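Heads up, there are several structures right after this.
Common to both upcoming complexes is chain A, partnered first by chain B, then by chain C.
On to the complex of A and B.
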């Protein structure tokens, strides 16, 4: 009897670890949705695909600079941010002032375009950037449970990133400009804030964080186009927390990850695809603006 | 439907305003089109006939989505889920109870209507983006249920259905009738109180409410009608393919239907038809293009990727450069010839 209880405890610890890792994956991805939405009121449904592009960026730099992995990673991160800038400068800039729906549809179309291009450039073959970098993904013990090295990296990086974003948005000039642009674009522009620069920065930050998430997922498993699904599944996390709140994205990720891990474990593995969306619908029925979102958003949309 | 012409044709009675085909030119054009549509199965190759059937199927779905999005102004990213619901209803009834088509078709319509209420309920509280997202989530749930059925019953590759119609010409007749019925239903709905109520809701909800329009009822009605039509299209799709599988109803299919509405041109039944033709034929056009133009070798092997990329690009171009869609281009062309040798309409006639 005692050993069975012990086994149960172990399993629960493992489940808790899984939840924390999955929550940090979702949190890392969903902060991209939040950043873009909060600043420019555009929902980017191409986030999963841009994440994929970031991961392929790492794969490419890793095969180019396989001698110096750190340089490869740095290049890939830079590339991810530049992709965001380009997306805004070449495409989304033209959509400012258009209807919300048109902007969303443009991001969906962009997603399809990017997905097609990644297949044409890198094929559908599974890639393993971690091997190219020459790093391993050891499994580390935490008490009775285990966590993969990349999983741990996920938790640490997500925590660091959210800390960084908090400081950035709260104390730096550009962060305050971003918040101002999000709160009232007209007033912000009249006070001399360059809206296009702020929007471009938001896109760059979003693809940067999304790119990190993509790279880590690619390192943890393998890299191919199925990653897009994870990007889409992180979107409910952002919405559950409130589309314009970073704190909400954290909370939402935790809720969605919790529901997903527990239901998969206790009910049915097939549920993994659908749980985040079921949580999303439940939230939309009860409190459409999310846990921490601001309520007047709904009328503006 | 039709705009007043600069030619001296003025509508003087309400009957004129309600007519579907008002001028001799219209009647002649429609007659020629109908004749062409009826003659097609006797002239076309089997491949072309299959394409025509696919287009007609898409027309039903596109008209349904156009009613909802283009006229009532309610966004849905869940139409592939509704198609799937119709197809799965057909598949399940056929496999489990060996039901004939005159049972499955009404059942699919009924399931569609029910789902329409469910898809529409969020629209009573949510607008714009949030509504789109809630329909997207419902899409995933419907697909999950279909997948679950397949796995539980061990149909890992999909549900096989025997079609009551065997040859392509028979199918063409059925689908042509279905598409014509869908278009006629839509045109007639739009000329009635319902259509005008949708128009008002799309314009501004507060004003519509002030005009005494029961907004929740009309929104739900839009969802129910659209979902029923889509679900029937799904049922026809299942019979036509002889096969139902969750893979056929991916998110990409939803996007294709939204693209039909966008590329065709919002708020126009003609637009829905043009969009359906364009989007359905697009992959075949791309295939031809890749085969005839020198392209990198691996492109021929991953045609779907070329198709994806090109489709995304075309959709972006339409959204950014020509938001009025194919219908916008068509109208501009008409105006050019009607106004020639002048460039633009006199101010009073511009609408």
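On to the complex of A and C.
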């Protein structure tokens, strides 16, 4: 349809920018799936709802501290981490020793509860936390392409977060404890590692990263119940990379985003719905444990 | 102990049945939660507030009205279960559907099986309500398939000095895709050039990939018809990558508030409900009813729900007492409601037309000089019977 007016090089730069932004969104969301699964072997199907809760946290703090946007953001980030801690302390802790399926079902119930609570507290009205913070979402040039301010924030924050997590997991005591608990919880417990503290930390980190993703999506688009569906859209990216690998989540997100953006542009936009799952099916056929996942964890997936 | 519980439950059920027999019972299956709830739940909440307002004034024909609301989350299976319960257990005399179009088929089946009139309230009007209408299906919702595209493209044509290169945006749901396909054909007949048509998924985390394709097709006008979030997020993504054309889209419940947020003179909305900038006396009443009913949405969202309340009141009043679904359907097929300026004319249903006889459209945008939402087209009528 119609003649395309943009030059070939310009178009490719814009498509590359689109891929990087979408991959960052998926990577930031799927990070939460991986952190919880890697440490506790629980698949959290309430991740979209916890993103939603994190975004509503920003909306609330932005309403309360609209004159101090940085304070509002800091409070919202803290709130997201505390919510993760509470979810573990009040709910998931009781699932220790139960079957994996039971724990997954509890996360589904948690999701339903969170969805209901958000409607009761904030109604279904679309919200715009960015306006409350007094910030705009400027359009920034990158060569011949353009990127939104929030889109750029997605890329920078995702890169910083993955870098930070790498350092944390590799070089800090708590990071090493988390890896040990994920690798062999029984042995880790016998060596004196407090498993409940480690699991609580994993939930806090996952809700914190998911909360950031929710806040950024709410700032880029708007805050409403559609966030839950977006949370689930990143799940195939985590599976493609391997559910227990952060590097895998990054690679999976890049592959899914690349396929999605290119098919939207060159084939049919309707394919964007099925692309992540098509990539996932292809991966399950070739390498069921994902690009960087552990083979022995296949039965749990 | 068990026998006491059973007796208590039986008494409670009996009391509910007795109370129901002494009231008009109206059922709603609606997307009160879920992705589409933002534009549907306010309609049901305001209709509920209006029913409370009626009851506060002594009811209809001396009887109270009971509104039974069941959330279907926009899922067909839940809507089917809700409809079944409402017609068979609650014995409703009128069933409302305030949900997405994918719930229609199972709800219609249940309503027809029970012979209960089905009223689309806030949900898009299906073609069965257009002439020649199905005997049991009625609709007062502002937006109407095919008519909206006719009105929007007419506005574009009248406001373009240069040839129109039209971009189209919809969402991957049947009703939106159908409308955008229709608009594409209509644009060609009107001498416009449709340059691209993008259908976005419901929903997606980033609309920029779709916007990139649309922008590269170089439209000077865009027409989008889908749920609000898809319409406006496509527009915002296009602006962020530098598109500078004009964009017209459907004025959903939140349009007045959104125009004031977006503040772009080249972003237009077309709709059939008056905005609150009119400050009509009836809008003061909407505000009062919403306040008494403790409705938590902004008053600018509530016109549609208020109209639903007035339609229910008029239909039940004309059906008399005791009501039956047949009597209510009969009253609805000759219903006429004076909307007192909320729309361009009265809402009128006839035996063959359960949509409305004339559909009136206005267009608004943000005026940067006046720093206000401004009307750029007053009521333009389309004669539905001649379609």
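Basically, the second predicted complex is superposed on the first by the 292 of 301 C-alpha atoms of A that agree within 3 Å, B and C clash if a C-alpha of one lies under 4 Å from a C-alpha of the other, contacts with A are read in each partner's own complex, and residues count from 1 in each chain.
Note that a contact is a pair of C-beta atoms (placed from the backbone, for glycine too) under 8 Å apart; a residue touches a chain by one contact, two chains touch by 3 or more.
Predicted, not measured: the structure shown is a model, and the values here were computed from it.
Chemist: Clash or fit: how do chain B and chain C relate after the overlay on chain A?
Modeler: Verdict on chain A: clash between chain B and chain C.
Chemist: After the superposition on A, what does A:176 contact: first (chain B), second (chain C), both or neither?
Modeler: neither
Chemist: In the overlaid three-chain picture, which partner chain does A:124 touch, first (chain B) or second (chain C), both, or neither?
Modeler: both
Chemist: State whether A:217 touches chain B only (first), chain C only (second), both chains, or neither.
Modeler: second
Chemist: Look at A:226 in the shared chain and tell me whether it touches chain B only, chain C only, both, or neither; answer first, second, both or neither.
Modeler: In the superposed model, A:226 contacts chain C only, not chain B.
Chemist: Using the touch definition from the top, say if A:239 reaches chain B (first), chain C (second), both or neither.
Modeler: Touch partner of A:239: chain B, not chain C.
Chemist: Based on the superposed arrangement, let me know which partner A:285 touches: chain B (first), chain C (second), both, or neither?
Modeler: A:285: touches chain B, not chain C.
Chemist: After superposition on the shared chain, which partner residues are touched by A:114: those of chain B (first), chain C (second), both, or neither?
Modeler: It touches chain B, and chain C stays clear.
Chemist: After superposition on the shared chain, which partner residues are touched by A:273: those of chain B (first), chain C (second), both, or neither?
Modeler: The answer is both, since A:273 touches chain B and chain C.
Chemist: Mind working out whether A:105 is in touch with chain B, chain C, both or neither, as first, second, both or neither?
Modeler: first
Chemist: In the combined picture, which part of chain B sits where chain C already is, 93-101, 201-209, 237-245 or 327-335?
Modeler: 237-245
Chemist: Is there a shared patch on chain A that both chain B and chain C touch, and which residues make it up?
Modeler: 115-116, 119, 123-124, 270, 273
Chemist: Can you list the residues on chain C that touch chain A in the complex?
Modeler: Contact set of chain C toward chain A: 32-35, 37-38, 41-42, 165, 172, 193-210, 212-213, 215-219, 228-229, 232-233, 236-237, 239-242, 254, 261, 296-298, 301.
Chemist: Where on chain A does chain B make contact in their complex?
Modeler: Checking each residue of chain A against chain B gives 43, 91, 94-95, 98, 100-102, 104-106, 108-117, 119-120, 123-124, 232, 235-236, 239, 270-271, 273-274, 277-278, 280-281, 284-285, 288, 298, 301.
Chemist: Which part of chain B faces chain A closely enough to touch in the complex?
Modeler: That would be residues 75, 122, 125-130, 132-134, 136-138, 140-141, 144, 147-148, 151, 251-252, 255, 258-259, 262, 298-299, 302, 304-313, 315-316, 319-320, 323 of chain B.
Chemist: In the complex, go through chain A and note every residue touching chain C.
Modeler: Against chain C, chain A makes touches at 1-6, 11, 14-15, 18, 21-22, 25-26, 29, 115-116, 119, 123-126, 128, 131, 137, 139, 145-148, 151, 217, 220-222, 224-226, 228-230, 233-234, 260-261, 264-265, 269-270, 272-273.
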